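Have a look at this one.
Should a chain be cited, it is by its letter among A, B, C, D, E and F, assigned in written order, with residues numbered from 1 in that chain.
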Amino acid sequence: MVKTVAEFSKEREQLNEIVMKHADLTIKRFYSLDSQAYREGALPSKTKEMLGLVASLVLRCDDCIKYHIIRCHEEAVTTDEIVEALGIGLVVGGSITIPHLRRALQAWDELGN
Amino acid sequence: MVKTVAEFSKEREQLNEIVMKHADLTIKRFYSLDSQAYREGALPSKTKEMLGLVASLVLRCDDCIKYHIIRCHEEAVTTDEIVEALGIGLVVGGSITIPHLRRALQAWDELGN
Amino acid sequence: MVKTVAEFSKEREQLNEIVMKHADLTIKRFYSLDSQAYREGALPSKTKEMLGLVASLVLRCDDCIKYHIIRCHEEAVTTDEIVEALGIGLVVGGSITIPHLRRALQAWDELGN
Amino acid sequence: MVKTVAEFSKEREQLNEIVMKHADLTIKRFYSLDSQAYREGALPSKTKEMLGLVASLVLRCDDCIKYHIIRCHEEAVTTDEIVEALGIGLVVGGSITIPHLRRALQAWDELGN
Amino acid sequence: MVKTVAEFSKEREQLNEIVMKHADLTIKRFYSLDSQAYREGALPSKTKEMLGLVASLVLRCDDCIKYHIIRCHEEAVTTDEIVEALGIGLVVGGSITIPHLRRALQAWDELGN
Amino acid sequence: MVKTVAEFSKEREQLNEIVMKHADLTIKRFYSLDSQAYREGALPSKTKEMLGLVASLVLRCDDCIKYHIIRCHEEAVTTDEIVEALGIGLVVGGSITIPHLRRALQAWDELGN
């Protein structure tokens, strides 16, 4: 079955430790750049997390989707907003995204929305 | 291990309920359009399901592949036909589709073919 | 060389006429759904166009990128905002998006930004 | 502007000569396998060409789409059939396929359909 | 949780048996071509396995990545080399590859590197 | 027709100037990281350029392919090596990569190989 948000976050952390054990400067700088891109700027963090979510949906990466769903929840995105953002991803990316849309909304639901 | 066809169908149904709980008009209309596209028309349903199967194989979506494998079985596609259709997907999409081809034929086998 | 925004829009219109000449109900309903998804709602049109832009960048579709660049310009997105949105697309989608990023900013520049 | 079918076929032939000038056994065997996959078998050539067309549409390769559009025309696929096949590709692959759908129907139109 | 290398290899073997039970000449020839492409030639096997690994990372196929990680280990690729190869995949393919990078390095670690 | 290597390099330079005119720190750091990843290290530059080439082929980005073809030429990769590397990309990525393989070998040929 689908992993819970807690299981997902724990596994993610454990695997990131393995990455950091082996990472060279290129990988470390990429991780740092990845954090920087989502920082509050001309666009609010909330918008940036929705951009990351829709990009992850159309590229169909479950782990990336779940991560941004959690971050959108932390940034107080509303259910109406998340559904509209996911709807754009669905229309752009097509029915092939539906299995990921299902798991995105399952995680959103699990977070109490 | 690989999910059985029954487990897959049950999970799919449960998650679709969560989608419908939150869905707006865009998502609902997309679901409706998705059903419409596969309806018997100038092309028979059987051909349309094979089109959906090959599209899902080259885009490498296991859930979509399994769904169309089940539908092809219901539409009485033969093993020779399914293997030729999957072969086109393999040649178009390359060796990166092989793990999905394996799971496609595992599901096909499980359905008694 | 790169097409101008005017050449792009004219060609797009001409080809859409050919689509509509042949389109069946499925294709027509998809076009209608595609318009609906970007309409002002819980999220403002401006945010939706940026979501469409980033989705198009990570999927690396030049025509889709140019279309959303034009729409973002119409919605008065600022250069700082467009650059931050494209930066998220670049980090998510990697260096493979750079040729599309170049053409995105070329079109943005051409629009007088 | 869009290349004509004749220009496309001529360029394709010229470039294939360059491929064959340099190709090793792996590339030659791949080309041969690519031809074999579309040969009449349990599925008719016509169905196989539509499978190749839809796979090419969802993977968004203009050259591959144009090639299969020409082959579908040679196999006497009707406009109603081609439109339904493309409609499945559009629904599976999403709005990101629309620029390719436009060019597919432009080529179909040019072939006198 | 993540499958062990042993579990992965066993499941892969079992599913390949199902493929071979149903495979036609196209699929069998593809499998044979897939083996041939990685054979020692102008490029050493070690380089070819790294090419397969990076191609698998940017296409985000966990099974393909794990297979090439195992083969790179057999070909005595060093940790410094694997990390630099994965770093190129990360930069080319973007943050969307990070979940696969994590699992790649987890498998590399599990192999005693 | 296909752009010459000289036309390609000139256009690339002009568009990069537009990127740098608008780029923020995220985009600038990405460009810098992109250069760093290909620097001589545990793996020689020559191998790294082939990794970039194959990644670009399977992701089907003509501009990226042409760039790495030029770089491979500068690093004195032989025709036998380039053909084997491209062959791996073709097998991994499938027939959908063939139009890009054609243009890759056309550029390789143009460079006097």
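Throughout what follows, a residue touches a chain if its C-beta (ideal position, glycine included) is under 8 Å from a C-beta of that chain, and two chains touch if they have at least 3 such contacts.
Only a predicted model underlies this, so the values are computations on that prediction, with no experimental measurement involved.
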item	value
Fewest hops from chain C to chain F - one hop per pair of touching chains	1
Other chains in touch with both chain A and chain E	B, C, D, F
Chain E against chain C, contact positions shared by both copies (same if over half, else different)	same
Centre-of-Cα separation between chain E and chain B, whole angstrom	26
Centroid distance [mean C-alpha coordinates] between chain C and chain B, Å	30
Cα-centroid distance, chain B relative to chain F, in whole angstrom	35
Touching two or more other chains - residue numbers and ranges from chain F	24, 26, 30, 33-34, 37, 41, 55-56, 58-59, 64, 80, 83-84, 87, 90-93, 95-96
Pairwise touch network: line, ring, star, complete, or other	complete
In the complex, chain D residues that touch chain F	11-12, 15-16, 18-19, 21-24, 26-27, 30, 34, 55-56, 59, 61, 63-64
Footprint of chain B on chain C - complex, ascending	24-26, 29-30, 33, 36-37, 41
Complex contact set, residues of chain C against chain F	1-2, 60, 79-80, 83-84, 86-87, 90-91, 95-96, 98-99, 101-103, 105-106, 108-109
List of chain B residues in touch with chain D within their complex	33-34, 37-38, 41-43, 47-48, 50-52, 54-59, 64, 78, 80-81, 83-85, 87-89, 91-93
For the chain B and chain F complex, residues of the former touching the latter	58, 90-97
